[in-house]
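Here come two complexes built around subunit A, the first alongside subunit B, the second alongside subunit C.
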Partner chain A sequence: MPDVFLRVNNIYKSFAGVKALRNVNMTLNYGEARCLVGENGCGKSTLIKVISGVYKPDSGTIELNGKTYEKLEPMESIENGIQVIYQDFSVFPNLTVAENIAMNTLRAEKAKLVNWKTIRRTAQEALDRIGVKMDLETNIEKLSVADRQLIAICRSLLNDVKLIIMDEPTTALTKKEVNSLLNIIRNLKKDGISTIFVSHKLDEVMEVSDTVTIMRNGEVVADGEVKDFDMSKFVYYMTGREVTTEKFVPTYEDQSELLRVENLSAKGGFKDISFTLNKGDVFGITGLLGSGRSELAQTLFGYYRATAGNIYINGVKTEIKNITDAMDEHIGYVPEDRLTQGLFLSQPIKINLLASVLDVYTKKMQLMDKEGQQEAVDKQVHDLAIKTPDVDNLVSTLSGGNQQRVVLGKWLATLPQILILNCPTVGVDIGSKEEIHNIIKKLANAGMGIIIISDDVPEVMNTCNKVAVMKKGRLINTYTHDEVTEEQLSSELS
Partner chain B sequence: MNKDQTLKSKKTNLNSNLLGLFIFMVAVFIVMGLIKPQTYFSAANFQSMCFQFPEIGILAIGVMLPMITGGIDLSMVGISNLSAIVAALFMIHVIPEGASEGTQVVMVITAFALAIVVGIACGFFNGLIVTKFGTPPMIVTLGGQYLFMGIAIILTEGKPQLGFPEFFQELGNGTIGGAIPIPLVFFIIVAVITYYILQKTPYGLKLYLIGANQKASRYSGLKVDSLLRKTYGAAGLMSAIAGFILIARTNQANADYGTSYTLQSIMIAVLGGTNPNGGAGTVSGVVMAVLTMQFISTGINTMGLSNVNFLRQLVWGVALIAVMAINYFSAARKAKKALQST
Partner chain C sequence: MEKSKWKRLTEKNEFYLFFTVVALIVIISVINPAFATVSSVIDILRAGIELAIFAIGMFMIIVLGGIDVSCASIGMFAMFTTTKIFYEAGYTGPLFPFYLVAALFGLMWGLANGVIITSLKIPPMIATLATNGIMTGLLLFFIGSREISDVPHAIRVENKNFLLTVTNEYGISSSLPATFLVLVGIVVVVYLLMRFTMLGRNIYAVGGDETSAARAGINVKFTKIFTYAFAGIIFGIGGMVHTIMMANSNPVDLTGNEMITIAAVVIGGARLTGGHGSIFGTLLGVFLVTIINNSLILIGIPSFWQRFVTGLVIVVGASISAYQALRTQKQMNIEIAG
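== the complex of A and B ==
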């Protein structure tokens, strides 16, 4: 058996004049775990699609198992043992674990009848192979994101896999789940199975990867062993510039109390939460998925109703029964899941920015005030530096970072005094992430009170002046940012 | 692809669909006219067309509203008949024999107001069930259809209601200045007002937002439930108007009249570019679609065949599938282009 499983030679690929890949080379040995990183639009996805046969390169060759292909077909890629696990995992939520795992094998065998015993046996074997225990009869819709991902991995294992390509595998996972995923990868490596990670979250994949390829603007700008890189070097190669991170110190003069929460509880969500948010504060609440962090945020925004406790805004006791109440108090909420909760993907950028202020910009006869709307849109596009040639373009044409700015802009247009951001930089590349952090700091320094919910510890440390850890529905510790270190927060989290 | 090009194609996307529909409508008009030009291209024929399509046209505009939000209303015909029957019963039993013209006018207006109230109430009821229990609109309004028809049957004991004032029949059969049919005037008013509401008011834009992403609408602070109730109420209102014109034209009210209109109105709405999944739909599209259907149906009538009904439905079906296929292929072509530019 040769050492090299995959070799990509001098690949060029352009779409209608735009060069997506320029002279890309990459080598992958059996059992090697390689990390493919780069900002959005750098060509990572295109390269993955070339390897999996979805795109045909303009020039260059792909070598698989020593055989050279000029035009690789998707089926050839699969037959050579390449499996891509996409972000949505392509699982069937209405089917059981066993059915989902065994699905492809069943189809490959062209079975006309379903043998439930075989299905269960095949599924169990696949689960055993990665050392995971799961009830075979559970419907996938009841499972966590992490479990769905494991199922996608199990399914690919059944196809005599040689290379698993994982697109953003850790985006939706908690620290613990990431660790167990990385363990699985380590085991697969021992079996000689190679892995390519496509990821933004460098610290995580660095733990398990042997080698790294960094891309920028369609070119490979760095390639080597992970141990030769450190974080700042990564960031430098990815963005082409040094990104500096300074701790946030509030500078707004009037640091009077804006929001005080006392013993707030919601059944099944969280219990006895108390904290104070001053004007100009950025307050970070960090906790794992299921710690009650999202429920707390959504209760403050009126999406859920608190069952006990009090909320004081500017010292006045306030009841927030629904979102309208929250908006009347000028509370804004940037939700966790941009795509399903934040954006209207089929609508233009402009409409997305205006969604929460449609009733503000009106003229007589209930008609919309188009000039007022346009001014509001222009202001947000300018203030947030949303990169688009035209606000009438669909919001789906924007990159993740710019989409997040649109959601942010939608709320800034309502002139909030309190802004709650739930995981504001998930799926946003490093350069954009830093810019969003700067926007947040600027808003706080203009007097807004900001609450950030995030499990990204460096993010919380860099942007917040107060940090609280949330666990099992309770706030267990609250610190100012100079009282605590990143390591300490991380260990308190898990 | 260069940026200006992508931009252009996105902006004109909607307009190009409407343009396509317009070309299709003109083509149908000409082809159907060529069958029997002398009969087809006559003033009398145009006038008779303008008597025929307003009812179904108003229903199609009505059903478009819940469809824009991602819902549907299958109970529109039920609401039409129920509200028309309430108006009919009022006119038959309350207007005294030999009443003066003035009394008649007042009574007919009262009957119209009554029909509108019943229509809005029925629609609001649909909206209430949809928002309170989260039941799919298709199920709620299917149930509503049978419920409203049932009530209408109880009210009339299943018998047709006849005997309306002269003045009232004019609303369905009369013209303004001997040229413009009164039902057409109703249709134009409904179309223009709906157009303004959808294009110019926050309420209209919110309907599209709900259809595009209901969850994001809630998170953006839109009062989704109240908006949906209003929308089903509006669909009920339009049903009542259509029902009122219908009984004025036919001079009788029936509990089970025009049941085939339900699916026809949905077909016209979809043909007019309304997305059954929500988020898209325009009055101009639906107006063109209803005209297209009318041209086809009149054209086939001029052939003078015996099985005309079946042929009409067949051609309608073909037209709908043809437009859907064209939309599909043009969307697929655009998607392919977009894919290549990523």
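== the complex of A and C ==
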């Protein structure tokens, strides 16, 4: 058996004149775990789709098991033992757990008929292999994101799988789940199965990979063994510049109380939550998925209703019964899942930026004030440094980091006094992440009160001046940022 | 983790639909005992044959995530053109060739729909609206617009071919026609196809998530064309069944039936967004619509209320599932300490 499983040779690929891949080369041995890193839009996803046969390269070849392909079909890629776990998992929400897991096996066996006993057995074996218990007959649409991810992993564990490609596999997972995923990858390595791991979270990448390929602007800029790289080198190659972070110290003069929450409870969500947010504060609430952190944020924004406790805004007792109430109090909320909750993906950037303030920019008879809108949009695009040639382009054409800025911009347009950000940098690359953090700090220093919900501990440490840990529906500890270390927060979290 | 069979059953739409149908039957029977007789059961079965055949074809397309508003026109085109050909030729042979030719015309238009939708990437609603216009125009202009009452011999014979006949106390007889067996055959074939073949599962997969299906190596284009073509065959046969049961072929007879067909499938629990639905649910939906259309008059509800009630059933049915979805969405599920 040859050592090399996959070799990508001089791949070029462009879309409508934009070069997505330029002379890309990569080699992968049997049992090798390679990570593929780079900022959003650097060509990682395109490269993966070339390897899985979804895209055909403009030129260049792909070698699998010593056989050379110029145009690889998805079925050929699968037959060669390549399985891709996509960022959106690509599961079938309408089918059962069993059928979803067995689907790829059936396809690989070129089955014509379906034997439901075999399906259940195949699925059970795959679940056992990674040590997960799940009801085989449940429809996927009823499952959590983390469970869907586990199913996507199970599905790829075919008998003759040689390479598993994971595109951003950990964005939806909690630390504990990430650890079990990393263990699965280690076990696969022992079985001689190769993995390509695409991730923004560098610490995870470094923990599990042997080798690394770093891409920037469609080109491979670095390639080597993980042990030869450290964090700053990674960041340097990815962004092409040095990124530094400083702790946040509020500088807004009037640090009077903006929001006070007393013993706030919601049935099935959280209990006895109390905290104070001053003007110019960035308050971080860190907790795992299922700690009640999102429920708290959404209650403050009026999506859920609190069942007990009080909210004071500027010292005045206020009831927030629905989202309109929250907006009347100038509360803004940037949701966790920008794709489904925060953006109108198939609408232009401009419309998205104006979506929550359309009623502000009107003239007589409720007609649209085109000039006023354009001015507002131009200002947002400039202030937030949204990178786009034209604000009339669809939001879906932007990279993750830029999309997140549009969501931010949408809420900043409402001139909020309190801004709640739920996991603001999930799926955002390092460069954009830093810029979003800087925007947050700037807003706070202009007097806004900001609440960040995040399980990204370094993020909370870098951007917040106050931090609270949330666990099982309760706020267990509150610190100022110099009272606590990253390690301590991490250990309190889990 | 393993849920009980009962619990799982209560999560299904078909479960509630079944009880709705039973409840309706009980209510009607209490008000008018004449309803609870073998005769009226046979009458309902008979009245539902045609709708059921069309609904099964539509069920496949809706599971795929598509729609076909040309289904009634396909049926019309197939039945009238077939009858006309055999009529003009003075054919006197057996019945089977009628079904075969009608199925081929259905296949032709189904293929056309599938190819237009997948190659030109036109939304199915628009594409089938277009083919609907094209085929009715062609039918009336080139094939003929006058109904054929003097249908070929084999059709007249089949029209009087009954599986069983029951006569009630007033001397009125109800008969189950042999075309019922055509429906049974289609139900069996489609059930096996959708449940036990990869092709059938691929239809569900494409309806569930087209991108995922393509990534899993499913030939999405083929699956779509196949589904429209296969449903086309069923519509063609459905049209022929109509002509046989009427002993008459009229090129405008089925106009407008696509809406009640889609309604029956949706009431049967299939989602217009694709991926969901079962043949059992579809048959229950057909049954419910047929009872409403044929039996409300038995309890003194005037016939013009039938459409109103059908509409009401759709609204109530749709809002129940929408409400369930909203409730699960608005529910918090955090385990609180202490």
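Quick note on the criterion: the second predicted complex is superposed on the first by the 477 of 494 C-alpha atoms of A that agree within 3 Å, B and C clash if a C-alpha of one lies under 4 Å from a C-alpha of the other, contacts with A are read in each partner's own complex, and residues count from 1 in each chain.
We take it that a residue touches a chain if its C-beta (ideal position, glycine included) is under 8 Å from a C-beta of that chain, and two chains touch if they have at least 3 such contacts.
No experiment lies behind these values; they were computed from the predicted model shown.
After superposition onto subunit A, the partners subunit B and subunit C occupy overlapping space and clash. In the superposed model, A:Met134 lies in contact with subunit C only, and not with subunit B.
Judged by the touch definition given at the top, the superposed model places A:Val316 against neither subunit B nor subunit C. In the superposition on chain A, contact of A:Pro335 is made with subunit B only, not with subunit C. In the superposition on chain A, contact of A:Val114 is made with subunit C only, not with subunit B.
Once the two complexes are laid over each other on the shared chain, residue contacts for A:Met103 go to subunit C alone; subunit B is not touched.
Contacts of A:Tyr86 after superposition: subunit C is touched, whereas subunit B is not reached. Looking at the shared chain after the overlay, A:Gln366 reaches subunit B, while subunit C stays out of its contact range. After superposition on chain A, the subunit B segment that clashes with subunit C is 133-141; the remaining candidates among 133-141, 259-267, 277-285 or 295-303 show no clashing C-alpha atoms. On the side of subunit C, the complex with subunit A involves touching residues 1-3, 8, 195-201, 204-205, 207-209, 211-218, 274-276, 330-338. Within the complex formed with subunit B, the subunit A residues making contact are 15-18, 45-46, 303, 323-324, 326-327, 333, 335, 340-347, 351, 354-356, 358-359, 362, 366-368, 389-390, 392-394, 397, 410, 414.
Of all the residues in subunit A, the ones that touch subunit C in their complex are 52, 54, 74-75, 78, 84, 86, 90-95, 99, 103-104, 106-107, 111-114, 133-135, 137-138, 266-271, 290-292, 295, 304, 471-474. Against subunit A, the residues of subunit B that register as touching in their complex are 1-4, 6-7, 10-11, 200-203, 205-206, 208-209, 212-213, 215-223, 279-280, 340-342.
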